[in-house]
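The structures come next, written out as structure tokens.
Both complexes shown next keep chain A, but they swap its partner, so chain B is in the first and chain C is in the second.
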Partner chain A sequence: MVNLTIDDKQVTAPKSATIYEAAKMNGIKIPILCHDKKLKPFGACRMCLVEVEQMKGRQIPACTTPATEGMIIRTSTPDIVKARKMVLELLLLNHPLDCPVCDKSGDCDLQNLTYEYQVNSNRFTDEKFNHEIDYNNPLIERDMNRCVLCGKCARICDEIVSYGALTFIDRGIETKIGCEFDDGLNCEFCGSCIAVCPVGSLLARPFKHKARFWAMTKHPTVCGYCGTGCNLTLGVKDNKVLTTIYDEDQGFHKGQLCVRGRFGYQFINSTERLTTPLIKKNGRLIEATWDEALELVAARLSGGAAVAALATPRLTNEELTLFKKLLVENVGTNNFDHAAGYAHTAITEGFARSFGAKASSASILDIQKSDMLLVIKTDAYETHPVVGFEINMGVKNKGIKLTILSDKRGKLSKLPDATTLVHRPGSEVAILNAIAKTLIDDNLVAGSAATIAGYAELEKALAAFTADVVAAQCGISAADIKKLASEYAAAEKALIVFPVGQAYSGHTAELATALANLAILTGKYDKEGCGVLCLSEKNNSQGAIDMGFFAQDGGLNGVEILDACAKGTVKSLFIAGENPLTSYPNHTKVKAALEAVEFLVVSELFLTETAAMADVVLPVCSFAEKDGTFTSTDRRVQYFKSAIRKNVQIKSDYEIFSNLVTRLGGTVAPTPALLFTEIAANTPGYQGLSHVSLRKEGAFAAVATTPKFVIPQADAPFTVEVGKLALVTGSALYHNGTLSQYGEGPMHVCPENYIELSRTDASLYKISEGDVVTVSSASGSLQLKAKVTPRMPAGVVFSPYHFTAAPINTIWNGSPVTSVTVSK
Partner chain B sequence: MSDVAAQQATDQQPAIDLSLADVVIDKYIDIPGNLMPVLQGVQDEYGYIPRIVADHIAERLNVYPSQIYGVLTFYSQFHLKPRGKFIIRVCVGTACHVQGATRIVDTFFDKLHIGHAETSPDLRYTFEKVACLGACGMAPLAMVNDSTYGAMTVQKVEEIVADYNQRPMK
Partner chain C sequence: MNPITPIINGMKITLKHMFMKPVTLQYPTERPKVAKRFRGLHALNVSHDKAKCVACYLCPTVCPAKCITVEAAEDANHDKYASVYEIDMLRCIFCGYCVEACPVDAVKMTEEFELANYNRKDFIYSKERLLVK
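Let's turn to the complex of A and B:
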């Protein structure tokens, strides 16, 4: 700590603090334009000039100058005020004064400072800029005429997002912010640049001229897309969610969001939302009253084990608990599941076997505390972009070593000094087993490992997985396997990160146990910055597991439920929010099952293709219209409150389940808050939590681990049929599940399905970027737009799974790798 | 030269051979801070930095394409459009100015039909006014590529243009 005097006040600050930070910590405000606490000091705008007595009264920038012992600082002498006024005059010289039509007005740092420093005239005159406004993309408007060259957008795009779309171009008076060759912006559209822009240069186009900043109410909530558990603030006016508002103090991620979180909110107020229950009569869905619909559903639910349910892990913990209670206690069935029945098995079976806990022991916060990250599949960035930002920052700012084991290269591969080991698709488990064997053979295991249950069996079972044998099968060299093993063992702290999801059918219990073995062998599992972090797909995937909403106690899992529907043993199926027709593997099979089942009820926000097949459709609330808790992938339990009033015609899933419980003769907690007290009492790790205690910020549900070695079964190496390509499925950066199809933002930038292929294959099959190609597998064929990218290895093609219009499950039946032909 | 003319000139160029750039990149690839020498070396090969080469450098050196563009536009030594075979520089610094550099410049304009920082459509000439060539004793001064011409007169301009008009382009 250092002691210093700021404006005659004795203060202390940490040794690493700058003058600006020291002042801020002690409640003294120094104006800034170019500084952001998440970014490295830059010192461009000169608004934060202060006087330091020891520096002979010179004016120095507070944001870049370290605070040192005994400094005597004055932040607002008449000279300083005069200098700041001049800085503002100079900025306003070229900045157009079009505040009345600028969306930033009211939230604009330049406007606020001009007001604060009463700059009501300008001693200088010059022409205004006349840069062309960039309207080339549908999400971000770039008006460089308003730019003050603080560089925050270019810096955040580099330092945190690591995309580098923006930079300073030209020099001197002609300097401006732009993209390469002065093109229009074409990036991953996370909107971080909009968030930090202190003026109206970068604006969200979907929000243009929708509302004045001060006319909106701000509602903090939890993002409803992926499992990261980002916090976000919704800007609401007239009961409509109009935008997301940046709050640099919000959440572990300090307000950083991805394209889905920032631009994917439009589904909330979509005109396509269902507004009334529908009942199928004579093959058509007809509007009905809630009483009719629920009466019908209740009647069909009393069928014991002939009833089954699939729920989306986007429901709240309270809703999932209530749904489970309805099914187990009132209906009398154990046949319920989520996430296609396999996307959660890494946790429910893998971690359960290896760690004795159905959760990741590591948290997202461990990423930046680690020394080495082992990421399985570069897709971890696409599935969880804000986790990707944490990895970016860790690697770039803290020099964390990053090794990626993946079937393709990706954005993470581009990070400084990142090593990407590209292996043949579907061979992850074998490689991990080979690493485990190397650890044992080269005596790189922790001293305590041999005492942990299952060690001898594991050692025996791994005998066949020598680095040489596996290397020959997997397409990476034995030396690389051995190097990775020794680096992993040598790192003081190492964290393994891997995504799971409906499109990652290979990321199951076997993969999780193989990864767990590495962590347990080296003793890197229960410490800070260590462990295995499973990135679960949906916002409440971990919650669904914690609430026990998955196949257990002899109940059928997701796949078996659909099989039973087809066979006729399940007669009534309740689908709450899932869209199996698009997101579950094997379209034909899913469709046949849904056609065969006697009674199908779907509760949904939209009339999805699954809902269109239902006998009863129940319109439900989005996350913005209800209260409850979500549990993020690292078990952060977060409470959120409704941001808008729901349409009177729709009900929350909670209300629907509670109505059905009552109709079936049960009793239920009247509010989610009361039910949560029951959940807290009965769920391990949730003890002591309540809606009230979670109101301010979320809390981690504790995970206790008891390690054990489990033998992971590696599939035989996948061989692509001769003359065919290996198709791997996954998530696109802009989407999550099928919900994001109803968010305008994601659909603006990624409106349709595509297939990515390598340059080698592209020239082999004479396919160029943008060509429509026919992709065929044994189960069907699909027309997709081709994307030729340097990231794909030859022989491997990638296609995401989110799109109803061209569902990948018509050619993909759930195997981790599929042989396909691609032709023009 | 207008942008359209420059574009036409670019289009007339044979397809750009990236292997020339690869030779330069290979030379510097393992050296930290290699962007400047690579860009300079590549410009020596092509005479300017074609966009496709800039993108190729970005991919191989793993730097953002935008960052390369930032560097290219910051330094006046880099050129994004094709340059003439003969680069004529006329000094308009103080010493040359008082010795009548303006007339020298105007005569070049008349003879070459191109203005400051422009390239003739046949890619023979690029003309530049420069602030000082560092040989004020020889004012007014002009340079064509590496040859220096001191004590310039209007007549000498005509001689120089006539001379270089006849030189081969290869």
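Let's turn to the complex of A and C:
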């Protein structure tokens, strides 16, 4: 700590603080324009000038100068005010001042400072800037005439997003922010640059002229897409969500969002939303009243084990608990599941047996506290971009070592000093076993490991997994395996991160077990910066597990439920928000199952292709129209409140389930808040939580671990049939599940399915970027647009699973790798 | 006081007025002369065949009666314009704040004061009706 005097006030501040930070901590406001607390000090604008007595009263920037012992600082002498006014005058000199038509007006730092410092005339005259404005980009409008050259956009895109799309180009008075070759912007569209731009240079195009900043009410909530659980603020006017608003104090990520969170909100007020219950009559869905629809559903639900349910892990904890109660207590069935029945098994089975807990023992906050990160699949960035930002910052700012084990290269591979070991698809578990064996053989295990249950069995079972044997099968060298093992063992703190999801069918309990073994062998768990972090796919995937909404106690899992529908043993199927026709493996099989089942009820926001097959369709609320809690991938339980009033014609899933419980003779807690007190009492780690206590900030639910070695079963190495390519499925950066198809932002930048292939394969098959190719597997064929990228290894192709128009499950039946042919 | 005096005084005034010019205006055959700064019905100024309004939302923001509805849109040249500009004359209190707030001199108040109508909905003045003809 250092002691200093700011404006005659004695204050203390940490040694690392700048003058600006020291002042801020002590409630003294110094104006800033180019500084952002998330970014490194830059000192471009000189708004933050202060006088330091020890420096002979010279004016120095507070945002870049470290606070030192005994400094005597003045923040607003007449001289400083004069200097700041001059800064503003000079900025306004070439500035267009089109506040009446500028969407930043009301939230503009330049405008606010101009007002505060009463700069109402200018001593200088000069021409206004005349840069061309980029109106063409669907998401980000760039008007460099308004730019104050603070560099925040370029810095955030580099320091946190690690994309580097923007930079200063040209020199002197011509300097502006631009892209490569002064071309259009083609980046990952996270919108971070828009968020930090202090003026109206970078604006969200979908929000263009929609409303004034001051006319919107700001509703803090939790993102409804992926399991990262980012906090976001919705801007609402006239009961419509018009935009997302940046709040640098929100969440662990300090307001950072990805493209889905920032630009994917349009589904909330989409005109395609269902507004009335529908009942199928003579093969057509006809509008019906809620009473009719619910009575029909209630009647068909009393069938015990002949009833099954699939729920999306986008429902709230309260809804999932109530749904489970309805099914178990009132219907009398254990047949319910989510996420196709396998996407959660890494946690429900893998972690459960290795760590004795159905949750990750590490949190996202551990990433930056670690010394080494082992990431399984570069896709971790695409599935959870804001977790990716944490990795970016850890690697770039803290020098954390990053090793990626992946079947393709990706954005994470480009980080400084990152090592990417590209292996043959589907061989993760074997490689991890080989690493475990190396750890044991080279005596790199922690002293306590041998005392943990299952050690001897594991040692025996790993006999076959010598680095040399595995290396020959997996396409990476034995030396790399050994090096990774020794690095992992040597790192003081090491964290393993891997994504799961419906398209990652290989990321199952076996993978989780194999990873857990590494952590347990080296004692790298249950400690800060250590452990295994499983990135669950949807916003409440972990919540669904915590609420026990998955197949257990003899109930059928997701895939088995569909099989049972096809066989006729399940007669009524309730699908709450899932869209298996697009997102579950094997389209033909899913379709046959949904056709075969006697009674299908779907509760949905939209008339998806699954809903279109239903006998009863129930329109429900989105996350913006209801209250409840979501549990993020690292067990942060977060409360969110409705941002808009729902259409009176629709009901929340909570209301539907509680109505059905009542119809079937049960009783329910009247509000989600009351039900949550029950949940808190009965769920391990949730004790003491309540809607009220979570109102301000989410809370981590504790995870207690008891380690055990379990033998992971490695599949036989996948060999591609001769003359074919290995198809791996996954998630695209711009999408999450199938919901993002209804978000205009994601659809602007990634509107259709594609197949990514290497340059080698592209030239082999004479395919060029953008060609429509036919991809065929044993189960079917599909027309997809080709994307030729340097990141794919030869012989491997990648395709995401989100798209209803060209669902990858027509050629993918759930196996981690599929042999396909690609032809023009 | 003599009880007759007030009556005489009253009659004096009456008599005086019999020879003065009457104040009553024979409206509608006679028209009042409206002062230059009278605040009557609004009008939207036009320049280059277009409403000057750039849909900055300052007038709806400042309006104490909250009777102005503006919706902004982007035209083919990417300029901002008011796709909707409506004033609910039933709620307007003729304070003139909107005129004062407008940064581009797009809205003014005219001398038009005859605003009676038969239907409530006719009191909602659309952009089309407000444009200076």
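As a convention for this text, the second predicted complex is superposed on the first by the 824 of 824 C-alpha atoms of A that agree within 3 Å, B and C clash if a C-alpha of one lies under 4 Å from a C-alpha of the other, contacts with A are read in each partner's own complex, and residues count from 1 in each chain.
Here, a contact is a pair of C-beta atoms (placed from the backbone, for glycine too) under 8 Å apart; a residue touches a chain by one contact, two chains touch by 3 or more.
Bear in mind that the values here come from a model prediction, so they are computed numbers and not experimental data.
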| item | value |
| --- | --- |
| Combined model on chain A where chain B meets chain C, clash or fit | fit |
| Touched partner set for A:101, first chain B, second chain C, both or neither | second |
| Which superposed partner A:208 touches (first chain B, second chain C, both, neither) | second |
| Vertex chain A; arms to chain B and chain C (CA centroids, nearest 10 degrees) | 80 |
| Contacts of A:133 with chain B and chain C, given as first, second, both or neither | second |
| Comparing the two partners chain B and chain C, which touches a greater set of residues in chain A | B |
| First, second, both or neither for A:167, with chain B first and chain C second | first |
| Superposition-derived minimum Cα distance between chain C and chain B (Å) | 26 |
| Common interface residues of chain A - those touching chain B in one complex and chain C in the other | none |
| Touch list for chain A against partner chain B, complex | 154, 158, 163-171, 178-182, 414, 790 |
| Chain C contact footprint on chain A (complex, rising order) | 99-101, 105, 133, 135, 208-212, 214-215 |
| Residues on chain B engaged by chain A in the complex (per definition of touch) | 51, 54-55, 58-59, 62-70, 73-74, 80 |
| Residues on chain C engaged by chain A in the complex (per definition of touch) | 54-58, 61, 72-74, 78-80, 103-104 |
